[in-house]
Amino acid sequence: MAQFLQATVYGLLQGGLLALIAVGFSLVWGVMNVVNLSHGAFVLAGAYVALQLHDAVGLDPFVSMVPAALLLFGFGYVVQRYLVNLVVNGPIFITLLLTFGLELVLVNLMLYLFTADHQSIPTGYAEGSLVLPGDVRIPYGRLIAALLALALTVALVYVMRRTRTGLSILATGMDRGAARLMGIKARHVYALTFGIAAAMAGAAGAAVGAVSTFSPADAGRFTLFSFVASVLGGLGNMWGALYGGLVLGLVQAWGGQLLPGTLVNAVAFAVLVLVLAFRPQGIAGKPFYASRLEV
Amino acid sequence: MNESPEPIVRARNLSKRFGGLMAVRGLDLDLYPGRLLGVIGPNGAGKSTAINLLTGHARPTTGQVLVDGQDLTAARPWRFARAGVARTFQIVKPFRGMTVADNVAVGALFRARTDGGRRTVTAARRAALETLDRVGLGGKGDLAPAELSTADARRLELAKALALRPRVLLLDEVLAGLRRGEIDPALQLIDSLRRDGLALMMVEHVMHAVATICDEVVVLHHGEVLTTGKPAAVFSDDRVIQAYLGERFARRAAEARRATEGNVR
Amino acid sequence: MSIVDVGQGQEVAGPATPSAPVTAASLRRRTTPWVLLAAGLLFGIGLQPQLYPAQERLVSTVLMFVALATAWNLIGGFAGYASFGQVAFFGLGGYGTALMMVHLNMSFWLAMAASAVVAFLFAALVGAPLLRLKGHYFAIATLGVAEGLREVVTNLPKLTGGGGGITIPTFGPNAPTRWLGNDGFYLLFLFLAVAVVAVAIVVASSRGGYALRAIHQDEDAAAAMGINTTLAKTLAFAGSAALTGAVGSARAFQLQTIYPDRSFDVAITVLMVVMVVLGGSGTVLGPIIGAISVAFASEWLRTNYTDVHIFLLGGMIIVAVVLLPQGFTNYVRDAVRARRFSLLENVRRYRL
Amino acid sequence: MSNRAFAGAAVVALLLVTTACGSKQAPEAGGDSGRLVLGASLSLTGATAKEGILTREGYEVCTKVVNDKGGVAAGGTKYQLEIRFQDDTSKADVSAQLVDQYNDQGVKLILGPYGSGPTDAVAAVVERNGQVMADSAGADNKIFAKGYRRSFAVLSPATSYVASIVQAINDLATPKPKTFAFISADDGFSKTATQGGISKAKELGFEVIAEEYVPNQTTDVSSALTKIKPKNPDVILGSVHLSEGIAIVKQSKELGVRPTGGFGETVAPPIPDFVKTLAGSAEGVLGSTQWTPKTAGSERFFGSATDYAATFKTQFGGRDPVYHNAEATAACLALVLAVEKAGSTDPDKVRDALAALDTPSFFGPIKFTPEGMNVTKQMAVIQIQNGKAVPVWPADSAEAPLKWPATA
């Protein structure tokens, strides 16, 4: 029984980390209908920023989430404003290909700058853990990451629902033409959205660096998890990525216990296809987003 | 007009629920070849939903749709098209990437094989050019839909529907947005289709057009049939005026009519 | 995604007055693609003796991608359903053939045909629920199918050898069909490419082509005009899958040993999409030009800039997508028709 | 299409066909212009980029040392050694294509790619082209069970990776553990190594209480560890690559999984990244390695293992070599010795010389079975002791006693 409880706890914490990784991806897809294949590379960039700060000034990775987020925000804003905006009105696979090209460029740039080594940002406490009765362990590092995922999602919901910028982002996402009529500078708002998403990815990267290892080859894996979590959770709802991440974490944890270890990914993809086939709007998404007819 | 006793399209007790909203409730409707049925009603009365129910673009919650005796109640839209039921869309839906001629050729390619004609691409292209002439778009076959005027875009919608050589044609506000000068030729075209024996139904807001051309008019209000009858009778019915213009106008119209009846006698 | 392609050059000519002689123009319009295809085949056969084994192997890979890109174009280009899981059928074809040859000792040719049928049925089965989805959702659902299939293959070690891969016996007593050799595979991929392009030409100029393009532009309007959209989409998806499966089967026989992570590698699908989009999706010529140029470009970059070739490939894709979002063929056709060749204007076309 | 376009198309077609009948250029001469050229397919990008770069460093040391010592003497002429690199992006089919390209350029002597998958694909091509391959990083025994005659692996086969750790624990560990748990990545090489380890453990009378598999290249092995935890094994052995290897130790600490004896892993512990990322938690972990600076044997090019370590250090700015560097140099050395012994660069003569090679070297004894495996060379076992990979087994090349129980 303790074994199952341990798996559940670990699954939830892993889910929190996945949610943190996926929330930016879900925002960009939900609002701008752009699938950002280079999202994983942004997460990785966040990890490397945190690593450099740790090596240079010994900054704790969870603290260096802030500088990583700010740096990535700027980079994301520029990428959207001067690159993705050029094709955002095009057919869907145009944005897919543009961001795929961007991923190749970013991953190989990082491979060139930071070599292919498997890195991790050592912290004294990350691997220590809270011990519950029955020797069920809650590792500090993953706990902090999961709590931060919750906090960042709440912050995002607040920004989106309560602030002017947030509402302008949602409005532009709903109907670009109408939003522009009301004086919203769509180009700026889109770049802002992409910047926020990149910042979230950067923060997630720093957390990943603290709790596990990363190398340039992991970018694809982060993007894939973001896909699955965003779709599971459902678009158009700021909580979507959180629900999706937690469900994915649990599916992998329980799957790992009940089935041979290697089937875990197969279970995750099976769940993805089933959700899409029978409930495209996901757990908490809005049908509008699922039925949106792309050009 | 040949008054054939048997209707081509027979709809009984049609209703459609979207979540909590009953868009259409208890709709009975018959379309006869060579007759034009007008459908009017304030916005949100369920007019477009009615058309969608009769073309398979919406599945009825209750009720039945028979076309030529064939039960197409929950059939998919292409089965209606193959059964000879064609329609235009309120917001024009051209195939933007194709030329005007190809837009129409699609209809010719996928209509029912009633006349045994070969449905090859060349045959379809030839049929398309003929249909374009029929609706007054001759010579514009090579333009892209985006290059057409509003009136021409409506003509293209009509041409695409006619390419199916339909026996029933449902027009969804085909006159909306047309200038005065463009409405009359459109009405003449519709009249010629009626004379060809097509069963026609026209959802319209242009009241004077409905008054002049429709054989019969159905008034929908909050998804239900308010009244049916000849255009003149329907337009003077208090309930219709009230539905469109609200309580005050209905009363004022009633007093004005009583006054004129007084003078006449 | 406009439809005009080699098969329908008629639009490029002057305005056709209704009474224009339709027969001469349409006769030429229908035969031109076949003439070019025959010329391509002859060129391919003529080129072979000039090549070294490695060049031959490279051209075989390019021909493979011409076939894969053209097959993807049937569903992604014509119908506009961007399948991001096309490699599922590529891998299914490969593993289907490997299993049939290893466990059932079936000849390669029979196994290839059977694998294509298996891919067809699998796509039709998977297509039923997924073809109801649109845009990104369809793309990601099919991606999920491909990734899922790879995991399933990895987890059947007794049958497929799992992560350790499976080897098709190609020489010695228990080899059902001897290995075709570099020359043999060059010809096999040449004929496969010609066959798939032929299918594309037939579809492009037939009722099916019209139906798929109509679905791509506006599915509701297409249904209202008598097109059974579900059947058309499923046939296009399953047909494209069968062709992709056959190519996958040939590739597996060529490689002799195949592994799940390489047979179901998402990079193969993305390469197909890059080739079709840059070449010009929704046309017959587009994927061919796209496949040849992208395949040679990535090979040239890999040999000459060994350390940074993927970095440059990424940069090339970004520049190409921004300058030619509608693809080379469509750009040329629009430019010729409108006599406007400026790329800058092209960039503004999809700008926010 | 108007007449003009139709005619144009036909002309283009004709032109294409005629150019196809041009003549073929003569293949480029290789190897006889005073240079001995070896072709290497390397994974400079992709999943095994890290190991690919280590392999290239090994080749660079070989070229520098051999040329400094006057090059390769064969048939009375002195050849300067040159190794050509191409990036196979860690993909097996690209490696196969590269080796075909080398064959066209007249390069018949091949240095194998990193990893069992690519090596298997290249072995088939080498066999067909009549080339010769010295394999530095494809250890899966299955490659050498296919009847290939022209590929030779200088490193010990996969089956010995885990078995050597089991043997070391059996010889040195007091108190002797009883129960073993195995965690294996799901690729051919790792699974073969695990089977080798399990049969050795049973042979030595240990009890195997768990055999868990995890997805290849994963960084999350929590499911496997959670299943193993209640069984309280004495020893946990991982047949893994770098990412799974680090994950096992890191997540064991998180989940409170503490084998009473200790951890042992293949491939990961000797690589510096292991100690750098795990810091303190890496202490005491055992690791099997193909080579250590203490490996016995020497020859005229590189001297002893310690000499090799010093040579590497000077060439690479004071960095210590890892076994991936050494095995790459050894493969290069094997080809050089074979060319010298055969006295010619003719592939068939070099193949026969390589097959008959039987020499000590800085990398240990190099002697091949008819199938091409180097079974005489024994693996070594290291233990991480205060941050360094210290050789502890076999006894003759041990630098320090085994610290046991390792997780004390």
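Details
Each chain gets a letter, A, B, C and D, in the order it is written, and its residues are counted from 1.
Heads up, the rule we're going with is that a contact is a pair of C-beta atoms (placed from the backbone, for glycine too) under 8 Å apart; a residue touches a chain by one contact, two chains touch by 3 or more.
Predicted model only: the values in this text are computed from it and were never measured.
Counting hops only between chains that touch, chain A reaches chain C in a minimum of 1.
Closest to the protein's overall CA centre, chain by chain, comes C.
Between chain A and chain D, the centres computed from C-alpha atoms are 36 Å apart. Separating the CA-averaged centres of chain B and chain D is a span of 75 Å. In terms of their C-alpha centroids, the spacing between chain A and chain B amounts to 49 Å. For chain C, residues touching at least two other chains, in rising order: 1, 154, 162, 307, 310. Within chain D, the positions touching two or more other chains are listed as 45, 186, 215. In chain B, no position touches at least two other chains. Applying the touch definition to every pair of chains gives A-C, A-D, B-C, C-D. Interface residues of chain C, counted against chain A in their complex, comprise 1, 76, 80, 82, 84, 129-130, 133-137, 139-141, 143-145, 147-148, 151-152, 154-155, 162, 219, 266, 270, 273-274, 277, 281, 307-308, 310-311, 313-318, 321-322, 325-326, 347, 349-352.
Put simply, chain C touches chain B in their complex at residues 1-3, 11, 15-18, 22, 26, 205-207, 210-211, 213-214, 216-218, 220-230, 282.
If you check the complex, the residues on chain C that touch chain D are 9-10, 12-13, 25, 28-29, 32, 35-36, 38-40, 42-43, 45-47, 49-55, 57-58, 61, 154, 157, 161-165, 167, 172, 182, 255-257, 259, 261-262, 265, 302-303, 306-307, 309-310. Of all residues in chain B, only 55-57, 76-78, 80-82, 86-87, 89, 93-99, 101-102, 105-107, 109-112, 119, 121-122, 124-126, 129-130, 132-133, 138-139, 141-142, 160-161, 163-164 touch chain C in the complex they form.
For chain D in complex with chain A, the touching residues are 45-47, 49-50, 52-53, 186, 212-215, 217, 219-224, 226-227, 229-230, 242-243, 246-247, 250, 253-256, 273, 276-279, 281.
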